[in-house]
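These are the structures, in C-alpha cells.
Two complexes are shown next, each including chain A; its partner changes from chain B in the first to chain C in the second.
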Partner chain A sequence: MDIFVQQLVNSLSVASVTILIGIGITLIFGLAGIVNFAHGEFLMVGGMATWFMVGAGMNFFVALVFAGLLVGALGFAAERCLFRFTLNRPMNGFIMSIGLSVILQHAVIRVFNEFQKSITDPVGLVWTIGGVDVTAMRAIVVAITAVIVAITYFGISRSRYGMALRASVSDRDTAELMGIPVRRYVTGVFIYGSLLAGIGGALMISLFPITPFTGSVIIIRGFAVSLIGGLGNVGGAVVGGLVLGLVDGLSAGYGYPEWTDAYSLVVMILILVLRPQGLLGGTLGPKAS
Partner chain B sequence: MPMTDNSAGKTGAAPEGVRARDRLALLTADNAAVPLPAGVQAITAILLAVLLIALPWLGLGYRFLSIAITTLYTAIGLYGLGLQFGQAGIMSVGHAALMGVGAYASAILSVQLGFGFWTSLPFAMALSAIVGGVIGLPTLRVGGQHYIIITFCFCALFVVVLTNGGTFTGSATGLDVGSVTPLPGINFDKLSNNYYLVLAALFLALSATYLIGNSRYGRTLRAIRENEQLARSVGINVDLHKLGVLMVSGLFAGLAGVLQLYYLRHISPTLFGAFPSLYLALMVMLGGARYLYGPLIGAVIVNFLPEVLNLDPVDSRIAYGVCLLLVILLLPGGVGAGIKNVYCAVRGGLEKQGGGTNGRA
Partner chain C sequence: MNLLAVEHVDTGYGPVAVNRDVSLTVGQNGIVTILGPNGAGKTTLLRSIAGLVKPRRGTVTFDGRDVTALHADEKATLGVVMVPEGRHVFADMSVRENLLLGAYCRKDRDAVEADLALMENYFTILAKKRGAKAGTLSGGQQQMLAIARGLMARPRILLLDEPSLGLSPLLVSELQGIIIDVREKFRAAVLLVEQNAGLALSVAEQGYLMNSGRIVASGGIEELQQSSVMQELYLGKRAQAKGAL
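== the complex of A and B ==
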C-alpha cells in the first residue's frame, strides 16, 4: 500500500509538468488557433536555460522566473516573425513549427551539447508523512502548478480579458467589431503559453535530467493532454494531465513498463477518433484546412 | 503583410505597369493548376530521364551514388505523400512508419520464411497499402490537424511495437537481410545496378503520379481537397476516394521501404520513427506537393544540401529548419512553384518583347 501511495505521489509531480505543457498547448491551439509543434522545444529551452543559470550560481527559483521570461520572449518572437503570417492557413503554421522545433533543438546542441543535463535538487529536503517519503521539491512542483492552473482557469473563465478571448474564438468578426483587438490577444495567448512552457521546463529539470531531445518526446504528451481534455479547456487539460500522469506512473510501477509510451498513444488515438472534441468538450480548434 | 495571394490558376505573366511588390506576389504564387505546354513537359521529362540514367557514368564517386540512391527511394515514398497531400489534401507526419511497414514486412518474410526481394515485394507493398488505408480510417471522421496528430501517434506507436517485438522484429537492433536476388545477368550487389533498380521504381512512381494527376480520379481528388462538402453533394463518394488515395500512397511507401531495406541491408526502428517522418513532411512541403517534380526536388535538396555545403549533421538540420521557414513564408507552394513561376515570368516577358499579348503561360 505504501508503495502504491509512493507511486501516486511521484506520478502527481510528473503529471504537473505534463499539465503545464498541456495548458500551454490547449490555449495556443484551442484559443489562438496555432498548432505549435515547437512547444516541447520551448519547454526544453526553458529547462536548458535553468540548467545554465543554476550552473552559473543563480538560485533555482530566480532562474525559474528568468527561464519563464526568456521562453515567453522566444514565443513573442516566434509569433511576430512566423506564426502571424500563417494565421489563416493553420497547416502551413504547423509545418513551420516543425521547422522551428528542428532549429531550436539543434541550436541547443550547437550551443551546449547533446548530452543530458541535470541540476542537484534545489531544496534537498525529504518529508516522511505516514511512511511515505515526499521529496520537498516534488511537493513544490505540484504547488506551483496548482497556483498556475488556478490563475489560468480564473483568468480565462472570470476576467474580462478571458471573456474577450473566448468571444474572439467563437466569433472573430463580431469580436473585432466590438473593439476587441483579436490579433493582440492571439499574441498574448501565445506569449502566456510559451511562458508556461518555460516554467514547465525549469520544473522538469528540477525533477529529472533532460536532453535536447526531451522536447520532441514531451510534445506528443502535451498534445495528448490538451486533446483528451478538449482544446481551449484548462480544466480539461488538468484532467488529461492527471489521467496520463497516473497511467504512466502506475504502469511504470506495475504492468509492463516497456509499453508505458504505448498506453498514452493508444488513449490519445482512441479519444481523437471517438471524441474529437475531447472528454470535457472544448473548441474544435482552428478550422481544419 | 508579406503573405502572397495563393489562389491557384493565377496567370504567370505580369501585366504591364505592375508594382514590384505585385510582381513578387506573382513570382511566389501557387501556379500548380496552370498547365505547361505539352512540349515543355516532354522536354523536361526527357532531360531528367537522361540525366538520371547517365548519373552513374559521370564518375562522381561511390559516396555521391549512395546519396543518390537514398534520395531516389526517399522520393518514391514522397510521391505517395505528395499524392495524398498535394491532390487530396490529407497531410501525414507518420509516413516513415508506413515505409517501415513495408520494410519490416519484407525483412520478416525474409528472416522467417526465406523470401527474397522479388517475392516479398508484392506482399510488403500490399501490407503497406492496407495499413495506409486502416490508419486513414480516422480521416473520415476528423480532419486537418487532428488527423496529423493521429498519424504522428501511429508513428510513435509503431516504433514502440517494433522495439518491444522481441526476436520477431529484432527489437532495438533491428533485422538484417541478404542482397537483392540477382536477375539473369544483373547482380544487384554492384552499386550502379542497385541505383538502376531504384531508378526504375522511381520512374514507375513518377508515371503513376502523372497518370493519376491527369485522370478523372485525380480531378475528383482535387475537388475533394478544395471543397469536401461540395464534392459530396455532387455525388462523389468522398470516403472511398480518400481511402483509395491513402492506399495508393501506402503502396508507394511500401515500395520505398523495401528498396530502402535492400539498399541498407539492415533496418532498425529509429529509421521509421518520428524524425524521419517529419523530414518526409518537410521534403514534400519544400519541393511542392502539387507539382510533378516537387517531391523529387524536395528529396534532392534535403539529401544533397549537407553534402554540397559541407555541413556537419547539426548545422545541416538547422539549415533544413531555416529553409523550411523561408519556403513556407515566401513560397507556400514549395520550390516547385518557384521554378514554375520563374519560367512563367520569363516566358511572359519574352512574349511581351515579341509584341505578343500577355498570354497564359
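== the complex of A and C ==
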C-alpha cells in the first residue's frame, strides 16, 4: 500500500509536467489550428534557463517564475514574428514549428552544450504523510500544477475573457463580428501556453535531468495527452495527462519499466481507435467558414 | 450625410473575383436591401463591409470615416455589426452567454445588463431558453438569437445576411416586424441581403439588385420593383417583362 501511494505521487508529478505542456498545446491548437511542435523545446528552454539561474545562485522558486516569464516572452516573439503570418494556413505553421524546434535545440547546444543538466532537489525534504514517505518536491510539483489547472479552468469557464476565448475557438469569424479581437487572443494564448511550458520545464528539471533533446520526447507525450483528452479541450488535456501519467508511473512500478513509453502510447492508440474525438471531445481546430 | 458608403469596391478570394465596382449607400436610419440570385456575390460584399474580407479596390466609408482597412472586430466596435448567414450562434454556449458576447465590444457594462433584459423582453423565447445551449434551439429561435446578439452590440448599422433562410412563412412575417423594429426600437440602420424578395421589398426603402457580382439596378423600392431587370433577372418573369415593354 505504501509503495502504491508513493508510486501514485510519483506518477502525478510526472503527469503534472505533461499536463502543463498539454494545456499549452491544446489551447494553441484550438485557437490557431497549429500543433506547435516547438512547444517541447519551449519547455526545454525553461528547464535550461532554470538550471542556469539556479547554478548562478538563484532560489529555485524565483528561477521558476523567471523561466516562465522568459519562455512566455519567447512564445510572444514566436507568434509575432512567425505564426502570425501562417494564421490562415495552419499547415504552414505546423511545418514552421518543426523548423523552430530544431533551431531552438541547436541554439541551446550552442549557448551551453549537449550534455544533460540537473539541479539538486531544491527542497530536499521527505514528508511523511499518513505514514507514507513522499518526496516533498514531488508533492510541490503536483500542488503547483493543481493551482495552475484550477486558474486556467476557471479563467476559461467563468471569466469574460474565457468566454470570448471559447467563442473564438468555436467560430473565429463570428467572434470577430461580435467585436472580439481574435488576433489578440491568439497572441495571448501563445504567451500563456508558453509561460506554462516554461514553468513545466522548471518543474521538470527539479525532478529529472534534462538535455537539449528532452523537448522532442516531451512534445510527443504532450501531443498524446492533448489527443487522448480531445484536442482543443483544456479539461481534456488534464484528463489525458492524468491517464498517461498514471499509466506511466504504475507501469514503472508494477510492470516492466523498460516498456513504460510503449504502455502509454498503446493507451493513446487504443483511446483514439475507440474514441477518435478524445475522451472529452475535441474541437478539431478552428472552423473555416 | 450617408451613414455607410461603399464606393467602387472589388472583392474576391484568391484567383476568383466576386464583386466588381460595387457602390451603394445607406442613409442614417435607412433600411436598404441587396437582392439577387444565389451566387450573385451578396454575402461576399457584406463580409467585405463587415471587415471579414478585404476589398481589393475601392473604399468603405462609415460615418464619414474611411474604414476600408479595418478588421471586423474594430468595425464592430465602431457600430458596424453583421449577423452572419446561417446564424452561426456559438452552439456550445448558453443563450445568455451568446447575448453577452454580442456586447463584448461595449464599455458600458451596466447598460449591457439592461439591454440583456430588453432583448429577453423583446424576444420572449430567449428569456425562456436563457440557460439552454444555443445549439439546441430550433432554426427560427437561433435566428432570433443571432439578431438579438447582434443588437446587443448597440450597432449603428446592422448587416443582415439572409435572415429568412430556412424559416417558415410565419416566422418570415415575424422577421418583417423585427427588421422594422431594429430601426424603430433599437435605432440602427439596416442593410439586408436577401433572396426572399417578398420580405426584402416589404421592409426596405431603397434597394440594389445584384447579379454576377455587379449592381445591375438600384433605386427606391417601388422603382426597383417595376424595373425590367428586376422582373427579368430576379423574379424570372421574362415573358411578363417583355409584355410590359
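By definition in this document, the second predicted complex is superposed on the first by the 279 of 289 C-alpha atoms of A that agree within 3 Å, B and C clash if a C-alpha of one lies under 4 Å from a C-alpha of the other, contacts with A are read in each partner's own complex, and residues count from 1 in each chain.
The working rule: contacts are C-beta pairs under 8 Å (C-beta built on N, C-alpha and C of every residue); 3 or more make two chains touch, one makes a residue touch a chain.
All values reported here derive from a predicted model rather than from experimental measurement.
Looking at the shared chain after the overlay, A:164 reaches chain C, while chain B stays out of its contact range.
Of the two partner chains placed around the shared chain by superposition, chain B is the only one that A:95 touches, whereas chain C remains out of contact. In the superposition on chain A, A:136 makes contact with neither chain B nor chain C. Contact with chain C, but none with chain B, is seen for A:182 once the two complexes are overlaid on the shared chain. Touched residues of chain A were counted for both chain B and chain C, and B has more of them. Applying the stated contact rule after C-alpha superposition, one finds that A:279 touches neither chain B nor chain C. Overlap of the chain B and chain C contact sets on chain A: residues 289. In the complex of the two chains, the chain A residues touching chain B come out as 29, 35, 82, 85-86, 89-92, 94-96, 98-103, 105-107, 109-110, 216, 220, 223-224, 227, 258-259, 261-262, 265-266, 268-269, 272-273, 276, 285-289. Within the complex formed with chain A, the chain C residues making contact are 50-52, 71-74, 76-77, 81-84, 88, 90-93, 97, 100-102, 104-105, 149, 153. Residues 160, 163-164, 166-167, 170-171, 173-183, 289 of chain A are the ones touching chain C in the complex. Across the interface of their complex, chain A is touched by residues 1-3, 91, 93, 137-138, 141-146, 148-150, 152-154, 156-157, 160-161, 163-164, 274-275, 278, 281-282, 285, 314-315, 317-318, 320-325, 328-329, 332 of chain B.
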